[in-house]
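Please read through the structure below; I'll follow up with questions.
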């Protein structure tokens, strides 16, 4: 059983009718909805409105994979909560950053970069081209590209460290390109960042987008016991078997 | 002094007027022309018409960096010549593959993959987006992207191993994307592949394209003595200093 | 069900008593033995003695993962057979190279390098240090290192391309180091190379070595349909959804 | 002219006779000493004793490459100073972390990991094995390994992200291994981490260690203008050339 926590700042949905119309119960519920169809997933949600953002040590200790959506309220996540999430990832909790989560405190912390990019909101179409079809996160994606009728445009340079693997590159109506589906690991934590998911578009209802996020949950789930290495003082090994 | 050998199959230019019009002395002479403006480069050329393709052991031993352009005549390069080039790269000769050289015998051999891609010739514009401005090959490229009015379209998946670094990603009028400027190393040899350079377009007269190729020559030039490692039988180190 | 083919040149075992004593039925049978305990694996074996080395197109088409052990008889594998294996990997068949398979024809072909290294046979102990415990191939390996009382010493530089990931680094009694557990991908094929497994030592009876090879089978098994991309002539996408 | 700033916490040298004996003027002066022999370097130093650790915005703006040595006083570098250094690296200032700088605030911040490792101080010898001789940082290192009679032992797992390139792997008397010479980049900043350099040993007087650090200065020096990308709101490109 993989214990998934879908975290959403949950602000746009309560303040903008255009967003409410697309995600009436919040982006987190839309994501939790399709993930819950997997019998091996146990899915919960949390938002900014919860005490400590719903991200206490206890919650994180019981989370195998966190999915993060945030945009306009990154700074309302307290530093100590962001640091707690960061440390949980280092100890082995998987992290999936969606769309504007590129600028969330935990993701930037994990990258060690600004995680900056160029952006514009002109409702362009996006095509997400598959770079490597034979990766577990791409399982079931047989097409050359996935097309989204409307997405926010994100443009390179995307200032991330070299990813472990680039799985998809997106292009937009205006010709911009973006490394849209990328993997990393940090200490024991496995990470997936996925670019689509603007709040005003029904991206999270797209079957192949759902499939990729579902695959990614399995990919970033920890395979070893959660543990922070620390800097142990070791002893010289004296004898060979 | 960096000794550069520009190799061109030199077939299109002699059989198609459209190509001859753009490169009247051959693509190799166009490339050798702008490279020769660098005082630290000593530039020669060779083509399919030369004995052994102009790629004898002696020539390769005196070459620091080879630049390869080929397209319709990949198979007219004898296997033993391609293997000779491959072995020279492993020993430390730098290799720059341009455009359709992705399917040349030496490049595929060095990749260990098909080096396949999708392609079409509709004369699309291409925009080459810079991913990492602070790399020696990108020195002097300050713009976000380089625009070419017409290029052949190359589309992902481009079946190469994970590059050491992806420096540019191209997009085309038809929305395709392509990892256009990528580095690799193989044994002692440093490698750069660069996508632009279709024979019917004046790509090699573009100042920024010239700058990138010039930078790449310096980047792939060997820094250590040319040497094939082989598989030496070593002896146990008995004593510490 | 993962269809595994264990290929062994099967020469040492028939010519050297010291090897026969350790692997009386051949290294391939020792490996097939522990793999067969997995209910989701269907395990077969093949050797140099079989017609076409047991590696016909039909056999390869029905193989999800090939495990390769070879040492003194690399050159008795015909080029066309090696090329067939190479092409099967590019189409998606997983490849696990063990020990001296670093110099096998298929592995060198897939690397695009000499895959050279320094070596000596002094019966040193080896310690295989884990670099990343949270990788599927390391599942169940909780110790800091695995110790083998005797192994052949392999020394860097190991002339491979940058691996997708380095999972273990070995050190030996004589202080040499070696990237011992490394992953790659080539087109659709996933690859794992694992250094231990000299013919005169009981390495393949070691439980943790068995565990790593077992994990690796699952890791390199294809997740997409087997397919060679080729270089398709594509058409411009005219319309957006 | 490359403007180098050698930063040292400069604590051990003033409190421990054993360190003072080796580096009577401080580790920073020893490093500045050999670097100053390069006519293209302009070398300054700074320590914890300076106002704001000698790391004001003005100083950092005039620094092309910072070299960092710290060990027992990491926490005496104020967070805002560490963040300033971090931001300077993102904008393009090169960073060389030496030895226990793995746990310095700027380095951990740039890694996005704990940068943890195992350690012991038994005065073991260390051998630094070269992985890739044909890299600019290894220029002039022709031997298979560099031997240091005494060093502090650092052991994997070293919890860093996958490096851009691993140039050396160290092994110790007790068999531990460590990725000792590794490169990264973060936004516009190029980074080199190098493991040797314990305060009680004369490591920084070793000619080949000096050569590697000197080469690294040239490698991490910026090639583009210093600039923080930020997250620009871009406009749709309307017309092709």
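Order of writing sets the labels: A, B, C and D. Residues in every chain begin at 1.
Note that in this section contacts are C-beta pairs under 8 Å (C-beta built on N, C-alpha and C of every residue); 3 or more make two chains touch, one makes a residue touch a chain.
All of these numbers come straight from a predicted model, not from anything done at the bench.
Novice: Report which interface contains more C-beta contacts, comparing C-D against A-D.
Specialist: A-D
Novice: From the C-alpha centres, identify the chain that is farthest from chain A.
Specialist: B
Novice: Roughly how far is chain C from chain D, centre to centre by C-alpha average, rounded to an integer in Å?
Specialist: About 37 Å separates the centre of chain C from that of chain D.
Novice: Using mean CA coordinates as chain centres, what's the chain A-chain D distance in Å?
Specialist: 32
Novice: Could you check chain C for residues that touch two or more other chains and list them?
Specialist: 118, 127, 132-133, 155, 157, 162, 164-165, 173, 175-176, 185, 237 - these are the residues of chain C that touch more than one other chain.
Novice: Please name which positions on chain A make contact with chain C in the complex.
Specialist: Against chain C, chain A makes touches at 92, 125, 127, 132-136, 138-139, 142, 147, 149, 164-165, 185, 188-190, 222-225, 237, 240-241.
Novice: Spell out the part of chain D that touches chain C in their complex, as residue ranges.
Specialist: 118, 127, 129-133, 144, 155-158, 162, 165-166, 169-171, 175-177, 179
Novice: Which residues of chain C touch chain B once you look at their complex with the stated criterion?
Specialist: That would be residues 90, 103, 109-114, 116-120, 122, 124, 153, 155, 157, 159, 161-162, 164, 173-176, 184-187, 228-237 of chain C.
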